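First chain A sits with chain B, and in the next complex the same chain sits with chain C.
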Partner chain A sequence: MVASPDNAMLAGSPRRRPADAARRAERRSTWLLLAPAIAFLVVMAVWPFAYLLYASFTSYQLAVPIPIEFVGIDNFTRLLQGERFWSSLGITAIFALVAVPLQIAVGLGLALLINSVARAREFYASLFLIPMMLAPIVVGFAWNLFLNPIYGPLNSALRGMELSPPAWAQSPDWALPTIVLVDIWQWTPLVMVILLAGLRAIPATVFEAARVDGSTPRQTFRNIVLPMLAPYIVVAFVLRFIDSFKVFDVIYILTRGGPGTSTQNLAYYTYDLGFNRFEFGAAGALSIIQLVVLIVGTSLILAAARRGAGGMEGRRS
Partner chain B sequence: MAKVELRNLQKRYGDTVHAVRDVNLEIADGEFFGLLGPSGSGKTSVLRMLAGLEAVSEGDILFDGASVVARSPQERNIAMVFEQNALYPHMTGRQNIAYPLKVRGTPKDEMKRLVDDVAEMLNIAHLIDRKAAQMSGGQQQRVAIARALVRRPNLLCLDEPIAHLDTLLRARLRGELKRLQRALGMTSVIVTHDPVEAMTMTDRLAVMRDGRLQQVGTPDEIHDRPANAFVAQFFGVHSMNLFPFEGLSGPDGRVARCQGQEALLPEMAQRFASADGRLLLGCRPGALRLRRAGEAAPEGALRLPGKVYVAEQIGDEMLVTLQVGELSATALLPERQAFGIDEPVTLTVDAAALYAFDPGSEATLHFGTGGEPGVPLHAAGL
Partner chain C sequence: MTRTAWGEAGRHALLIILLLAMLAPLLWLLLTAFKPYEELFRSPPTIWPDAPTLRNFSEGWAIGGGKGIVDSLIVSTLSTAICLVLGFPAAYALARRFPPHGQLSFTILSLRMLPPIVPVIGFYLLYQKLSLFDTYAGLILVYTFMNLPLVVWLLAEFMRQIPRSFEEAARVDGASWFQLFRDVLLPLSLPGVATAGILAMIFAWNEFLFALVLTGDDVITLPKALASFFLFQQPNWGQLGAIGIVAFGPLLLLSYYMQKLLIRSFTITQR
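Moving on, here comes the complex of A and B:
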């Protein structure tokens, strides 16, 4: 039914006050106007997610012609009891809690360095941005060639120096550090850009005031620059933390999760379950678990950031 | 506190910009000194070199006879109040004020005592536990002043410290700063583009233009005896009116043209004319009088035809903006009078009130008297 405010008002019984009728008509047209957006959201976001949630409680297997049965939390318990889940979680945690802090540290260093350059600042900044602009597939192949144990330039050079280099991505000991390094190489520029923006937002007079006040560079960094950058650091950390759960392309190209499962994170494990073994029910359950871990982790970071900001004030006064 | 000397000071930025040219100054111990000039005159560069924030291109700066050009701001023990945005926004007012003490490792209880003292002095004791970012502009500048005063520096540098505040607050802080400076007897240098600020606060001041000193003296000296037409026009509550004349002619050379308008000159004027018949006269707006058509002009005064651009009434006074050809002039009249827009009038100036300048070099040849009215309301901030 299409109701315009006018005929809704006319249709109102004499006992109703006109104001009530008008308000009701307005509410109706509000929903009418929102309907396309809501429909779009339902089709594009709610439906797939609901289907994922549904699948995670079933025995859905793509390639096997058995009827789909509701299995309760079987998928979840099976996953949580498996060793592969915990090792994948460990790899994801290394990306989130080792690679990301390293990206923040190196990004901060680069941002400070570029900010201190007097000329051609933009040039250096965009130079450092190149890794971030490359498609992950390109990054993967570039590193694959560079690190190839037999004909890669790195190992040729190292062998030239009478060293016996490891097989990098193919070595059980070096595969994970290699992938973490590539991730740091690729995503430190993003952190750098965010922190550079934060540094530029500090007025030059603040630095001059610090000099006049007799603050040493180290004191200025600790007491002024770092606290003023803190909000930017939190933003960079949260962005990278969320992204660190999604590392896939580079692993796929460089190691395929191997050797063994030594570089297999949750994302790769999900892919493996869903598209190699067609266990859609289990893959759905694993996706849900990842989502929960991500939400809990992000909330913890934000809570810690809030406490940190409060604590800083408390200490000072 | 220190005596400060500047010797042949030069500042160049790159190859093209010569911001400060050969500045020589002596600032006495405990003096409140002003650097006044329009933007781009080099006044801020001089202050920043004094503070040690900017390297000296050539010349020397001495504190109590010892060169300080190689020393950092900290080693010079100077304090500075910036134009704006110089507080540490994430810290409270108290932390801001205490910061210079904190980095020097001052004991906590002494730090608290010093901060409380200076906060008391500046009437900000009640708000220093707020964060800097949550304070108004005036409160922030008070905190910035407190931060500068909390350690007794050799030299206090003030870089347009109140320029960004509203008029009322500016007038109040002007007074407070002057009282504080006197009470502490601290050698201070203030940079400002506002002549009223310079006039009211400083003991002595230097007027700058294009990197050069134009005149150094007390506010009275500079006001009454400006060294050239630029200083005369720049330094005052209202700009001085300048009338360039050419083609001196007529019996006794008393007729000349200003902007194509024929003017009658007073007898004293022709002495100051250049060989090619040019003349540059000036008067303060308060010395300019207006005669309507048909009104008789006084004998022996400068007479110049013009028209009213706009007439504004400010309290009991009239501020009339006039046009003589393309030239603009202002008259400040002591009584209310109605003028129509574009009404033709004759501008007259008493011979005694006229200043004369060299038409070529613009150096002052003759000083007039009077003509500066009481400080008008908008400048006093009342």
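Moving on, here comes the complex of A and C:
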């Protein structure tokens, strides 16, 4: 490789080999190209996080004009002893561990159905994608209107069939299932699209070989389609698991965490502590606890997925 | 032959029924946008508007939809532009000088996974100190932070598919970095830039939590404007529906393009 003369001059020392200088210049240009974006991300991540950490170890309250005191881990212990923390953790867990598997199941069914028709697959895929393209706020108020117990169309139709429908989001028993249903409605399309990509990646020859060998559709599904889709299912599960900690907008519009605290997940509890009660110390501590729960949960799922993949290969061989 | 044809027809019928059931709440909202106020709270409700009207659209614009659209446009276009300007050179470095699934890629992408509720308290306290609360600049900075990791990652994925020979030829001809970017890389990665830009726009356009917490009465983006109508006991659903259709309907036109893109991107990641 021939180094350009200006690179050799940049190196400064005549004893240094030209190739070294070229490599150094390249390394410098790499960091110059990365620097603006990295610097921006670091500043925007570290600076607010410093405030968050600071708040979480103090008695930071906007509403009360008392001096801010360092309280150590008091905010954390008080949260962990409170009932509301555990109930909101439970509701976040319902989104992550009940809603997400349901999304995978429905998304798989939908992907298989779309993949089984000969024509208009892309037409269907793009229409089924609509819920996830919409702002969660719009989704929230579309469902709020649709499920309104008095003038909403669903309950009026159900009453017409001599049924007595629940008050959905306004009923203590039905509020949480309603929010979970809306979450499934909005995010099943993402799972569907990921699994469609997986189905498309299976070569047609595999299916032909199975048919020639006399495999029934059910056997083909269990022994070929499902194992080949497994990595895609893992991707969908991990993405949706992480995103399930973000559920907030729909709760804000449909229930405001109520009735009582029956639909209050960790995100809504944090918002409520911070911006309804102005207890920034406690809200900061809860933010940090949430981050830890998310990281631990994601690592566990990734580890389980890796072990599952290993186990499946073991069985196949 | 006939049996499979019937099976095909049956599957289409099933898909269409499922589609209609799924879209029902949205179709209902669409119909509601054309109903006059008196018709909104009738029980049982009318399906087709008795006296269809376009008043909701003009009123919706006047009571906050117009400001919402302007503010959302300002915040989402500017944050997207900054994302692309910062992200383009970084993506080039990431694509050419680092391994595809290396530590740096992973770190950048994991920032994207952070739920907004985690940093929002910190941003609020910081913005109070820096007087960025309730400013366009404040919201633009947060949305840039939210979207930049994805933009860098997506652009890098696209640039990996551009053959190196193009840039090598340009460097031999003595092109500067700026010329290399403007004349060689930008035209070649234009589809990637469009994709990353559209996604960043959509995410900023739809975002609610940061807007709710970090702005007050001066900056009111669309999702925040819509949510504020819920403070009333009986929201005017017609106006809400009208704003929703005008402000978010156009996004749905992208869904054909989006499903192709998503399928492609997930097929790439797996390889």
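Everything that follows uses one rule, which is that the second predicted complex is superposed on the first by the 278 of 317 C-alpha atoms of A that agree within 3 Å, B and C clash if a C-alpha of one lies under 4 Å from a C-alpha of the other, contacts with A are read in each partner's own complex, and residues count from 1 in each chain.
Going forward, a contact is a pair of C-beta atoms (placed from the backbone, for glycine too) under 8 Å apart; a residue touches a chain by one contact, two chains touch by 3 or more.
What you see is a predicted model, and the numbers here were worked out from it, not measured in a lab.
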Fit or clash between chain C and chain B when superposed on chain A: fit
Touching partner for A:163 - first (chain B), second (chain C), both, neither: neither
Chain B versus chain C as contact partner of A:73, first or second or both or neither: neither
Which of chain B and chain C A:228 touches, first, second, both or neither: first
First, second, both or neither for A:284, with chain B first and chain C second: second
First, second, both or neither for A:300, with chain B first and chain C second: neither
Residue contacts on chain A - larger count, chain B or chain C: C
After fitting on chain A: smallest Cα gap, chain B-chain C, Å: 8
Intersection of the chain A residues that touch chain B with those that touch chain C: none
Chain B-facing residues of chain A, complex: 203, 205-206, 208-216, 219, 223-224, 227-228, 230, 312-313, 316-317
Complex contacts: residues of chain C adjacent to chain A: 8, 11-12, 14-15, 18-19, 22-26, 28-29, 32, 40-45, 47, 86-87, 89-90, 92-94, 97, 108, 111, 113-126, 129, 141-142, 144-145, 148-149, 152, 177, 202, 205-206, 208-209, 212-213, 222-223, 226-227, 230, 235, 237, 240-241, 244, 248, 251-252, 254-256, 258-260, 262-264, 266-267, 269-270
Residue ranges of chain B in contact with chain A within the complex: 51, 53, 72-74, 78-80, 82-92, 94-95, 99-100, 102-104, 129, 144, 147
Sites on chain A touched by chain C in the complex: 26, 29-31, 33-34, 36-38, 40-41, 44-45, 47-52, 55, 60, 110, 113-114, 116-120, 122, 124-131, 133-138, 141-143, 145-146, 150-153, 156, 159-160, 185, 190, 193-194, 196-198, 200-201, 231-232, 235, 242, 245-246, 248-249, 252-253, 266-267, 270-271, 274-275, 280, 283-284, 287-288, 290-291, 294, 298
